């Protein structure tokens, strides 16, 4: 696949600045791009690379003001990252493997239903009464438990494990090693301190267009369901405990954990290694900084960070003040000394 | 299965308040319960749901004082959560899948022993000289290495990996993706800064009645054993490094990590995302708050939290004091100014 | 295998102190060693065990000054841990399982290449066009995607998943459940807050002599590569995001996470549960304390810790000062009161 700048600009609604007939056949990062590649500039931190890159085409913001000459052809667009996404999405159709058919040996229970156009990789397991939609890809060594349902066009990567009874929507992408529907962590101690298991009899329900990262774990609920709403994107190694609910279009970065029965709103943006306490409610459109600890419920629209989490402004003031703490102690010493002398 | 409130109360030793002949056939969370379900109230935060729930039966504490009328039948018990656990445990016998027999293809080494009444799922692997007790369930795609022993009635979920020589007790439950016996993280740098592997020749030994969460990892010891004692419950995505010992009936929430050679006592309660330094000793009955960092040994019975961890009371005081820090700096400025003026 | 102290000392270049003809046949930890075992003393915290151990031989530092009589034979060496590593490395040849050959059923695509002397375990999957070097071990239920290359003598443990196109060097060891090449976490929100996937079309490239821990995840890059250089050692449950680069001979402990596009230098030592922000550069020979959060780029040779991370000395002073914070507030109260009285 070889494209000119003019053709690309027409496809994504951009404006060409420079030679429109220059051609590209691959993508590259701006700092390591070779001739014949297209790249993009979204983060201003990387602007200096624009003036030295060997890329043939660079996608830039419409309003970018150049501060030096550029040898590459520019295509100006409103949102370079989003425009790049469009182009890569087209390219992905040919670059990604697209396996189809049923490989052997695989295990499909007699009463399981598998729709049309599916891929079932070798050593994949589909249990009793499972219902797999159309054009679903189930990679090798994945496990689909009894009675699980999977919507159309969902991709289940190698080694994903989905326990019995869970429901997965359409157009989801579930990465390798992800575990869905393992038992929630529920035990009741007796008088001797010995813990007895609380059976976890609910399910996990995942709506459409959800992407789950590698080795992320989502526990089934004690009763009812653990629920991940439409369009949620979870990164790798995230823990979602039993009975948690995550609202639509919320995104969370790697290694974040959510304790039991907590409700996270819609359109939240959560950075990595964050911990949410159990039994709290986080409103819609909340933004949480990395490594924060959230012990209490949070109002919609809040921007918080730190442990325990504070509004972002307060957190910044606290961090700034802490730098002066050791000095403050010395100043108090001096004040006390002075006052005693003054007596 | 349909039961009346009278029958349930008799089974769990509770007292009926309201109609004893009301029937239920399923469990539900109090806030989403429909007629025909039984629910419970343990956390006082949820008490307001008691007065509006559609559940037919609610398990409540013996000493709960009602503040409004309740339409559901109540069953009063000492510990509602524990009573619910009893009921769910009975129900689980019929609700959970109960696979048996040897599915094909699976791989069982010629000299491996598999006891009576076991389930070995398709694509499961049982290595040379492994000894599997009676009524063990080994789900699809699980790996049992050479010489591993597994006690009676243990359940090993899909994709669990147990390296050679490790020992698993009876009545354990090991969730999907859990890795037991991978090499401890041991390397010695040479003068050039190149790391050379320290072979990890010990094992992991897990006693009876242990439950391990999804994708949790427990490394084999350098020599001797990494040891998880009877009744320990570990949540998902926990890291247990080489040579660690965890005492009986200790519970740990998700994403906690324990560095090498640390000894954790019995009956400890550890929240999520906690980190323990290596080569320390934590006494019995220690309680650790979420996201704490434990750099030093901890006396038995301590309640600690924070990074570095402090006694819970000190931590609360520090957190409270920090809110006044920026203001304190301004007060010091004012004092200094005043004192200079007074001169 | 039975060896005398004299033979062992000769092999590792040490000096015998005590009986040279004492024999050992196994390794043990110093605190639980029985007669007939060899152990070592590296960490001074454990020196007291030296005077009571039942081990027959103890490896100790050349310059260790004894403070009491020792019954074991000592072998003095420059670096006891490193000397032990040598001995264990020899012992490992006979103690570790050494599977070879192709077990059935396994899946090897027709156009895949598998070198000489390899092990391919049952239920392992090797995709189209994959190239596996010589003497590689691929354990059961591992997944090697289309076009993946694996260098000579690499060991891939059960259930490892390597997505299409990734490159693995020689003499690597990849532990169970590790995922390599899953999609980087890249999404662009539209005006309605709905996230659209940025296709991740790059690869992961892992150089020679790398060891990766159990359930660690390394995402493929958006374009170009995510790169792990020669000799890097990553512990369990670590997250490496898309486009990250880690320099040679850097080691990282469990549960650490590195956000997208960050560059980590060579010869760094990173403790557990650390978080690196995205798009930053960490220089060579940086040491990072446990649970630190690194929001900004870090100069070569720095020793940092805390969240946000400070130079180690500043962090220690801040931690010390914090202990006096509540008291400082009371002292300010007293000063203000006194000053008002003095008026």
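For the reader, a short list of remarks on this structure follows.
Note that the chains are named A, B and C in the order they appear, and that numbering of residues resets to 1 at the start of each chain.
Basically, a contact is a pair of C-beta atoms (placed from the backbone, for glycine too) under 8 Å apart; a residue touches a chain by one contact, two chains touch by 3 or more.
All of these numbers come straight from a predicted model, not from anything done at the bench.
For the pair subunit A and subunit C, the CA-based superposition corresponds to a rotation of 120 degrees in steps of 5.
Homomeric contact subunit B/subunit C: same residue numbering on both sides for under half of the interface positions. One finds 25 Å separating the Cα centroids of subunit B and subunit C.
Shown for subunit B are the residues that touch two or more other chains, namely 105, 123, 141, 159, 177, 215, 237, 255, 273, 307, 322, 325, 328, 332, 335, 339, 342. Those residues of subunit A lying in contact with subunit C across their complex are 26-29, 32, 39, 43, 45, 79, 81-82, 84-85, 88-89, 91-92, 95-97, 103, 105, 121-123, 139-141, 157-159, 173, 175-177, 211, 213-215, 231, 233, 235-237, 249, 251, 253-255, 267, 272-273, 290-291, 307, 319, 322, 325-326, 328-329, 332, 335-336, 339, 342. Touching subunit A in their complex are the following residues of subunit C: 105, 107, 123, 125, 127-128, 141, 143, 145-146, 159, 161, 163-164, 177, 179, 182-183, 185-190, 193-199, 201, 215, 217, 219, 221-224, 237, 239, 241, 243, 255, 257, 259, 273, 275, 277, 279, 293, 295, 307-308, 317-318, 320-322, 324-325, 328, 331-332, 335, 338-339, 342.
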